[in-house]
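The structure's right below; bear with me while I get my questions together.
For clarity, chains are labelled A, B, C, D and E in written order, and residue numbers in each chain start from 1.
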């Protein structure tokens, strides 16, 4: 096991990705990604289906193992073969499109199990932290519910609370609202906006342009495994420079106008 | 078997529903619906999940059997026990949220099978009609594809072409774009807009407010099994009179603003 | 599990070694009345009584183990140490003598034909073009196979006696061949069937022991001679067959 | 749909009932009821069977089955983990085992185990051990596939979520995946218990002492003693006493698993209204 | 995940291989190889079996199985339609039948059919008829449930789409639902063919003439004649010749059905790029 360097200098980026490549068989999904995320930044990643957004996010906590390139999170180089990846992952919260609450555990057990088994917190302490985070996402009354008794929106908020309970340095969101009924989207985006306001560092894959416009510090447009364009939302969404970005945005923003 | 009256007077509504009630067990889903759809009208039905929109649409071609009330389509009273419902249904095209292309048949067979088996058209004739309609929805090159080889958007357009091949007097759409990736929505809405422009009578359940605003002649807001508000889109969407309509629209139109 | 001990070779007069002290384990294949069958939850029969006489004289209890007849007649039951003796209405044949040792004969068996009452089949020759049921692994089967060429019938093989007898009853086969003792017993209880012929094939039943177990074999022969002499044998015969044996000379022949 | 063509529907239904009645009448006329009663419902024959068929044979069948099931479950779990192992020889061994025992009749396995293995290895098992091995070896092949499928049926996202919280692979398997897999496989496992109950009817080939008879052997013996099929029928009913409740249990468990998803959908629908 | 804790992973793998090697060595030391060779791989014994085991026994097993399968499929289809019928007595009859035959060992069914029914009804079937009935009755109970499940697994939307195009219920069933159901049930039906192949090992209880022997009977007979387990092993291998290809076929069909869905997802993903 190697040591995680403690408290990196404040100006260091929380996430630094350099030259990231990833293929599935013969399919090159990521073809050289470079990215720096500073503390407190909200980075929204947009792009067409299949462009590699999820793969990029999953590489950041090694759910996919990169072929080459470097991923440094909070000072730890994840691609170092001797790194204790389980330990490194504790600092990285992940929220999935399909929620992935543990379906055999109640909401509070979902929030406490990793605190106890991984961080070794006491039952009381983990319970307190779980409660605080559930209240934060507006589920203070669902402590003892089973995941199946919750709506999709509630499940996703519980999943966010679960990730927060591990005190992550950075949160990854992979299309957190795509599996939700349109009317349940708002609650989840509300929680995410609040997190951003509190200064959480966030990497968000999303199709919600409105959210990206209002909340993101940086918007990244991906296509074919590379970052085509990147910058402030007003620039990338409001005034895209690349043809591919423009096509994508016009399709997503004005579905009705698209012709046959 | 009873006779379908031929060519009803031009001013008769194509669909006339009066006092429609429908329950599932103890759950009252439709609680007295009255509705008239004139020839060439596009009626968009909006409302929260569970408000009975699909059930209303399904009653119009007796996929659900009403408890009470009358449904007259093109002069035929569908609730008359002696009516030949198979014959009446030929005049009513239905497009489902989940496409429902026949998965063991190629695209063209999907379009011709009912023409041949139900309308008794010849192979050549049904093939011609199928081709015309496939070209209309932009799938002229997919004649021999299997449904599984098509994207969701293409499947839905093929399903529309299939319904059109039966020369319906009215088309019912039940959330035709809800199962599609955001970027595939545009193509399907484009086809629907074109149909509307050609003067097809249409009843559309949808969450696409933009489409409703631009294409509908009448927008209908349903809640709890009754029609709460109904009128021109500018009125119902632009200036809703009822509190429930306002709440619903604000949730759907501005998901990000909704607070915790 | 326990490791198999093939069992030492012993000579007449050596101490008798049983698989388990105090128990004389007998392999048989049920049902084979009147030699062995179940009555009121107990296994009884002529063989059972004869072996009991042996058990009594070596100070052991007879424990009966019902196993497949093929297991017995191939000697496997001895090889895997299931039993000390096998008493299953088993005819002494050269094939069987190769895999086990037999006592002196204790019963003369005739083969016989079971047919439905009213049937005109009274010899193997009458069966030409018809079917004859046999029980798997019996001398009846062997006899029927031997005579098949000459008489032109088909043999149908059944797993046990009961299935063979029922097959005759239902007409699945025209006739069934087996030892006379058991078939008479069945016909007595099932008037729809009758025994229509007997053949003396010179079959003698013997009690079998594991090959090389000379001590036990000698003891069995000794007991057989004793009960013959003191009249016990005739009593048992009367009990199970309803008559005295024809003549002891014939059996000894 | 029920509204359409009322009359035609009435005619169709009439024809269906007609066929039913005709078949029933034919059976009544055709069958030899006296013989059937003698054969199937012979009270005398039944009398000689009861109560031993319940106190001994039924108990033995249940006991044999449970022995085989317990051993089969343990071996099946090992085989399932072998099949999911990253070490190829383990996967190969498990695959060969499973293919072999799924492809060969249980009867052959029983004969081989009862007569072949003792000779080849010069060892002898007691009856209970033999039964446990024989039924267990057959059952393990089925259960291995069930358990493996159950583990793989737990959505990959559950493991990923656990890993992303910092759990090791082993801990994630034990605390998250296997408990969920167990719920998934409970219904098919119950079905395999039924299959084993039925396969236990073949253990008579191993050779049984009177007090060791299972239901089938007991029924066949009764058939011999009474020349009536009643004992066989009784044995069959005894099997149903075991298998039908198990089959309802299996379906209940399956429905319960299914209903959870439905409950989630309902909850989602309700939130909008609330 | 493969990156983490390389060393620990190496140790774990080493231990696994170690166990494997230890087990192999134990088996080699423990087994009596001479006896095993004599028992299982006795060339003389094999010689007396070949070629009849292929030309007669294997063929008979296949024939009996196919007879039973054909009858079982037909009866199973009838039972499935009865279970889906709107006439309650049909549903009840089908349910009773299915529960009964799924809950009772095939051996009891064979004995009852081979010996009980002829007594009760005073009728006599030829061997092929008996085998067809016996295997078919057992197989039908399984296939009925498979077919019913297959029909119900066709998405309700398919029937609704057909009805909304003006097709009658019957026509929609025949042209749309049943063809799709057939594709769905092909893999489980193949599995039931395997089960029937194995169940055919029980027909020896009906009584067989030499030329009618199936694989199991042939193997057991060989065991008696040669006192070697080789014939049983040969018979087992012959079963595998039938069952393993069928089981691969079943899995292939299953995968093909599954892959269609995946293809659709890919197509949807591609459209965006194109």
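Observations on the model:
Here, contacts are C-beta pairs under 8 Å (C-beta built on N, C-alpha and C of every residue); 3 or more make two chains touch, one makes a residue touch a chain.
Every value quoted in this text rests on a predicted model; they were computed, and no experiment measured them.
Looking at chain C and chain D, the chains in contact with each of them are E.
The fewest steps needed to get from chain B to chain C, moving only between touching chains, is 2.
For the criterion of most C-beta pairs in contact, the winning chain pair is D-E. The mean-CA centres of chain B and chain E are about 46 angstrom from one another, to the nearest whole unit. A separation of 82 Å divides the Cα centre of chain A from that of chain C. Mean C-alpha position of chain A lies 48 Å from that of chain E. Taking the mean of the C-alpha atoms as each chain's centre, chain A and chain B sit 38 Å apart. Counting partner chains per residue, chain C has residues 76, 166, 169 touching two or more of them. In chain E, 1, 111, 115, 119, 163, 220, 223, 268-270, 272 are the positions where the chain touches two or more neighbouring chains simultaneously. For chain B, residues that reach two or more other chains under the stated contact definition are 48-49, 63, 86, 181, 183. Those residues of chain B that touch chain E in the complex are listed here as 61, 63, 86-87, 89-90, 92-94, 96, 98, 100-104, 113-114, 117-119, 147-154, 159, 162-163, 166, 181, 183-184.
Across the complex, chain E is touched by residues 1, 13, 16-17, 20, 30-32, 35-36, 39-40, 85-87, 89-90, 99-100, 102-108, 111-112, 115-116, 119-122, 163, 169, 194, 198-199, 201-202, 216, 219-220, 223, 229, 232-233, 235-236, 239-240, 242-244, 247 of chain D. On the side of chain C, the complex with chain E involves touching residues 70, 73-76, 99, 131, 133, 136-137, 154-159, 163-164, 166-167, 169-173. Taken together, the chain C residues at the contact with chain D in this complex read 1-4, 6, 27, 30-31, 37-43, 63-68, 71, 76-77, 79-82, 160-162, 166, 169, 189-190. Those residues of chain B lying in contact with chain A across their complex are 48-49, 137-138, 181-183, 185-187, 189-191, 193-194, 207-208, 210-211, 214, 251-252, 254-260.
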